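My questions all concern the structure below.
A, B, C and D are the chain letters, set down in written order, and residue numbers restart from 1 in every chain.
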Amino acid sequence: MLPANGSSSHEASVTDTRPLARIDKEVATPAQAVAGIGPGATVLIGGFGDAGVPFHLLQALADLGVGDLTIVANNAGTGDDGVAALIRAGLVRRVICSYPRSRGSVWFERRHQEGSLELEVVPQGTLTERIRAAGAGIPAFFTPTAADTALGEGKERRVFGGRACVLEEALSGDVALIRARRADRWGNLTYHAVGRNYGPTMASAARLTVVEVSEPVVEIGDIDPEVVVTPGVYVDRVVFVGTEN
Amino acid sequence: MLPANGSSSHEASVTDTRPLARIDKEVATPAQAVAGIGPGATVLIGGFGDAGVPFHLLQALADLGVGDLTIVANNAGTGDDGVAALIRAGLVRRVICSYPRSRGSVWFERRHQEGSLELEVVPQGTLTERIRAAGAGIPAFFTPTAADTALGEGKERRVFGGRACVLEEALSGDVALIRARRADRWGNLTYHAVGRNYGPTMASAARLTVVEVSEPVVEIGDIDPEVVVTPGVYVDRVVFVGTEN
Amino acid sequence: MAVPAERQEPNRAEETDASTQLGDVRPWTMTEVAGHVASDLPVGACVNLGIGLPTLVPGHMPAGVEVLLQCENGMLGMGPRPPMGGEDPDRIDAGKGPVTIVPGGCYFNHNEAFAMIRGGHVDVSVMGAFQVSATGDLANWSVPGELLPAVGGAMDLAIGARRVVVMMRHTTKRGAPKLVARCTYPLTAAGVVRRVYTDLATAEITDGRFVVRAAAPGVTRDTLAQVTSAPIAWDV
Amino acid sequence: MAVPAERQEPNRAEETDASTQLGDVRPWTMTEVAGHVASDLPVGACVNLGIGLPTLVPGHMPAGVEVLLQCENGMLGMGPRPPMGGEDPDRIDAGKGPVTIVPGGCYFNHNEAFAMIRGGHVDVSVMGAFQVSATGDLANWSVPGELLPAVGGAMDLAIGARRVVVMMRHTTKRGAPKLVARCTYPLTAAGVVRRVYTDLATAEITDGRFVVRAAAPGVTRDTLAQVTSAPIAWDV
């Protein structure tokens, strides 16, 4: 996702010194990978339980120390790492998630009780569909999920084919932080098992998509074009972090 | 997609003679694969140009001779085969497609001029998104495509984020006919190059999904679970037809 | 996460057994109940199992009967727990416990998993519940006045699966009925439950009643009426 | 299928050259125009090329400059036409001609291809057009009164790509202006075109005018005004 500048005329551009002729999205460290994320950012974070959680990127973001973040994730983090590290450090203003209450969500519960953390609970399928809609250029959609329940209150309601539905709007991020298995230097990705979860969807829905990968970044052509799961066009930065978490 | 009968109590079902304990979706011939498709059916047909067109299934459907069909496809067929075979035989009442006018769409043009064929033209991205919505349980969505154009006339219009959009409804089929490369007996599919096109989406959006494959059907476990493109749950029948068209 | 595992923590567990105080009644064990659920699953069905009690079901499938277990985090063909040492943090079920994948299984992303659920491609969803009403209303995601609601995929499964069945104990720990005329807990979805499997009875939901199709040994019409707060019919 | 190949059939072609009748003007060839488009593509950009004239662009990319060509039928990294005998019916471009895939390319389904387009992930869409207005309105899918309209992906690309540019001849075969104050042909989308590349000029669309950034040899303000039916400014 390059900014579509192209503002030079073709004559001017003859003397244009192009900064790069080669696309290489790899960066060396998680710190470089999260550089530039600013206070108040909305951050989409992949993972379900511990599967597919970009722990290294989250630690780097916690170290960066920017606050007032809105976090969009399935869970609200457990223990001291991952999303919990951000919440513990007081960097999070708002959490949009499906399942905040997990065994070990201590930091989330503490900050929430303190009143310093807003919470929006979204049904899991609606959460992923809202993110997908943002990536796919769909501003809003109707879904039967949560119609006529407490989570559908205040939403526009309409009946389709005899079935009550609610209107849900797209949910995009300033940044997406995800974890994948393999990447090439163009950012094409494959995943490992259910670590895939939110990755492909979140990658499409943020202005800056950052990926940690468990295998060393490979050259273009090393991933079969038939098995790429996330096309590189959705990816901005890739950092190799290995398999240990 | 089994009908969820399960109407027997657990006691009755002890003596239930289950018809099959093994899932095997392979059938022997294209004729068997299209058996049971009735007059008036809405048929989703994969393919873009000649890529991914299920020519064998379409010929079998033409041979079956059921009429009054509604065809949903990208194109309206060229030459004498594929979708054109159905139109030529007078079996089609209505075509919902994106690009009806291709070089060689002789049968479509003839039947359309005769007035025996209704046509609904849908922008390509809206067509695939309407089919996707049907498969994903989304009854309707807003899209900026075609807003304030002739193809958006008569549709509900609403502005999101300063941008005009129209409301589009899900488009499902009674049957989907698609072409893939490899299938296992559970119906898991992989595709070949851009032959993939509408296949995965249409497979999810029909009550009966029928697939012709270019390679012999393999045993379960022979396709890497990471590279399956269409999960078998969307597939009802598979027939091996080889690579020649 | 059809039913939260956290619901079963000691301080809020409503899953212990009050039914044993009903005279001669010999309630089914939940293992037996799992067998009842399993024997009703059609061959080839795509089945989503909520966490907690429903995870007992696969252990009771007849050998050689192929059923596809769908996991909403992105897997079809979920297999049993791996042997010790074979766990993979990226191969877990909805309750975050380690699992395997069977031959014929596949992975997909979360969005696809819920498209599959909401789009009607899951044949049977087996869930736990706090309350089920005689019109099929389901309450299994939140308790009244809760500070930290957590819904997970419960609402998607409830409206999306072609057949929703509930597996639970017949009453709360304190003996309060969970089969009710009208749910007092927040709804997950209205009118979706087709059948309940409890330790006292298996009942279909039809015409605003629980129609009993099987009852545990010693369960009489009177005993069942005592612990059920909804119209009951018998068709055993 | 941003612009239908059928538009170029002899009986309806509007793509031949009327500009050569303008005195000393030496119009650029469409090959030269393709070079103008190519030289403005940012490195690493994701670019969708309409069928017809825009397919000339890849041949003019500087060697070693990596640009991702997106094809709306489900491919990123579209490569050149294969050698004779290397054609594959499943490896075609939007115009249905045989192509290859470059290292780093990948396949995806049609729905994903259009999610990518509509979702703003295509940086530049290069299209042909019947008419472009001074406010960026685009008309390239249908002619007035047409019996058999066919839209393809034109509307999706027009509203979805982050930058829409048009490559076309400056006038119709009969010499009628294609750069107009207001389109008389059915719109593909309103206010989307940012730049036009013709055989006579390259112009940015700004503030309701065509701002000329470059002109072919011999093109004067007067000659351009003769064949353009819209406000023009010069900023060469």
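The working rule: contacts are C-beta pairs under 8 Å (C-beta built on N, C-alpha and C of every residue); 3 or more make two chains touch, one makes a residue touch a chain.
Remember, it's a predicted structure, so these values are computed and weren't measured experimentally.
*Asks:* In how few steps can one go from chain A to chain D if every step must land on a touching chain?
*Replies:* So the least number of steps between the two chains is 1.
*Asks:* Between chain A and chain B, what is the separation of their C-alpha centroids in Å?
*Replies:* Distance between chain centres, rounded to whole Å: 32 Å.
*Asks:* I need the residues of chain B touching at least two other chains; which ones are they?
*Replies:* 129, 132, 136-138, 143-144, 191-193, 226
*Asks:* Considering chain D alone, which of its residues make contact with at least two other chains?
*Replies:* 101, 107-108, 114-115, 117-118, 160
*Asks:* Output every touching chain pair, sorted by label.
*Replies:* Between chains, contact exists in these pairs: A-B, A-C, A-D, B-C, B-D.
*Asks:* In their complex, what parts of chain D are in touch with chain B?
*Replies:* 1, 4-6, 9, 71-75, 88-92, 96, 101, 107-111, 114-115, 117-118, 142, 147-156, 159-160, 186-190
*Asks:* Considering only the defined contacts, which chain A positions touch chain C in the complex?
*Replies:* 48-52, 74, 98-103, 109, 112, 119, 121-126, 128-129, 131-132, 143-151, 191-201, 229, 245
*Asks:* Which residues of chain B touch chain A in their complex?
*Replies:* Interface residues on chain B, with respect to chain A: 129, 133, 136-144, 160-161, 163, 165, 169, 190-193, 226-227.
*Asks:* Show me the residue ranges of chain B that touch chain C in the complex, using the header's touch definition.
*Replies:* For chain B paired with chain C, touching residues are 1-6, 8-11, 13-14, 16, 18-23, 132, 134-138, 184-186, 188, 204, 219-221, 223, 225-226, 228, 231-234.
*Asks:* In the complex formed with chain A, which residues of chain D make contact?
*Replies:* Listed in rising order, the residues of chain D that touch chain A are 35-37, 39-46, 62, 64-66, 68, 70, 76-77, 101-108, 112, 114-121, 123-124, 160-163, 165, 195, 197, 202, 213-214.
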